[in-house]
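Should a chain be cited, it is by its letter among A, B, C and D, assigned in written order, with residues numbered from 1 in that chain.
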Amino acid sequence: MVTIVYFAWVREAIGRDEEQVERPASDTTVADLIAMLAARGGGYAQGLGDATRLRAAIDQRFVPIDTVIGDAREVAIFPPVTGG
Amino acid sequence: MVTIVYFAWVREAIGRDEEQVERPASDTTVADLIAMLAARGGGYAQGLGDATRLRAAIDQRFVPIDTVIGDAREVAIFPPVTGG
Amino acid sequence: MKRISIQTGDFDVASELAALEALGGGGVASFTGVVRGEGGLIALELEHYPAMTQAQVERIVEDAMARWPLLGVSVIHRFGRLEPGARIVFVGTASRHRTAALESCAFLIDWLKSHAPFWKKEHFADGATAWVEARAEDDAKAKGWSA
Amino acid sequence: MKRISIQTGDFDVASELAALEALGGGGVASFTGVVRGEGGLIALELEHYPAMTQAQVERIVEDAMARWPLLGVSVIHRFGRLEPGARIVFVGTASRHRTAALESCAFLIDWLKSHAPFWKKEHFADGATAWVEARAEDDAKAKGWSA
């Protein structure tokens, strides 16, 4: 299993801040994962439908969206950050 | 008369912070004035002997050392500033 | 000195600055971000990624300390609900060199804006809410430091 | 808001910053200079040109407010005898734009270093004294802003 965490409007659209999913093939990228989740429809389609608006982190490190998941324990999906 | 004011080591060398001098010709520059004062010798020669180490203000405005004094009321002579 | 705090409560800018001044460097720079109350905004809600934030800010601070001769850095970032006038973020730096203190302070706040895992949601008087959009400008500023 | 004070006494950084934060701009930058106690220094004696200082600093502050979109500026410069650890100078700026706040703060402190009519004399533990020499670097920094 892989833990997926969501933030900001992605979290709101999906209606949850965290979930476990079956570990996909190790050459799956974050973008692939996003597409797989978006295919669930509903809030997933709404929050994850446009990958160009999304950013990601693997095991608490920012990564480009086309990074392969490999043996990641935690994948985070969120909009561009707006701190400071 | 023109008021001349001195600061920092110029003041210390001369031993006074202010004095009145006869108003020189209006085309006299600050550099000329410095040379005239330095010619008095003693602390004046010590404090004003090397004009390259000096800066000036006329009526509370910084000016290049070759500025003519004109009808200035106050000429200040001092080393480069070291505030902040 | 290195002090990093991700917290909900307010902080005391004076004591942060006093700690930086006490390091003997001679120069202390700071930036404080405060919630603006314009356009009917009644609150800002800051969400963050707790497992990531502290480590991420630590790395940013380490980068700054490697890049400039700093004696101390203090970074405080609040999360939760903040009303207009409330402080959101503080960056303080101490150095023997005023340019190092000021530049590293600018670097850190630019980096926090573009790389710290925080998200801001605006709450308005009419009940409307909106997630703040990242500004391309902030990203460009942070990238400017990598040269 | 524009606050300029040339004074012998210490000042309260927290109240200066609070006044700048209260302007509602969202961003407040500051720089505080403190006497360093190294090399056996026991005191710094600051002399200034009273008839000129206030007007000169006013002009510098006006320049900064014309150049950056600032809501407030606070400049405090002490003179007289200051011991290691004592604050010498404070510059605080408030703006809607963090870059404006930080840049104008850097501009003002660079300008104070190179153009405010202050002179520093160092007093050492062994009784020796020395007037601080102006640094070409400071002059170059201030000139950099005129571009």
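Just so we're on the same page, contacts are C-beta pairs under 8 Å (C-beta built on N, C-alpha and C of every residue); 3 or more make two chains touch, one makes a residue touch a chain.
A quick note: this is a predicted structure, and the numbers were derived from the prediction, not measured.
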- Going by the average position of its CA atoms, which chain sits the greatest distance from subunit C? B
- Rounded Å distance, subunit C centre to subunit D centre (Cα mean): 23
- Note on the structure: Per the C-alpha centroid definition, the whole-Å distance linking subunit B and subunit C comes out as 49
- Multi-partner residues of subunit D (each touching 2 or more other chains): 33, 98, 109-110, 113
- So subunit A residues touching two or more other chains come to 84
- Chain pairs satisfying touch are A-C, B-D, C-D
- Query: Mind pulling up the subunit D residues that touch subunit C in the complex?
  - Reply: 12-14, 17, 21-22, 24-38, 84-85, 87, 96, 98-99, 101-102, 105-106, 109-110, 113, 141
- Contacting residues of subunit A [partner subunit C, same complex]: 5, 7-9, 11, 57, 60-62, 74, 76, 78-84
- For the subunit C and subunit A complex, residues of the former touching the latter: 33, 46-49, 51-52, 55-56, 77, 88-89, 109-110, 112-121, 131-134, 138-139
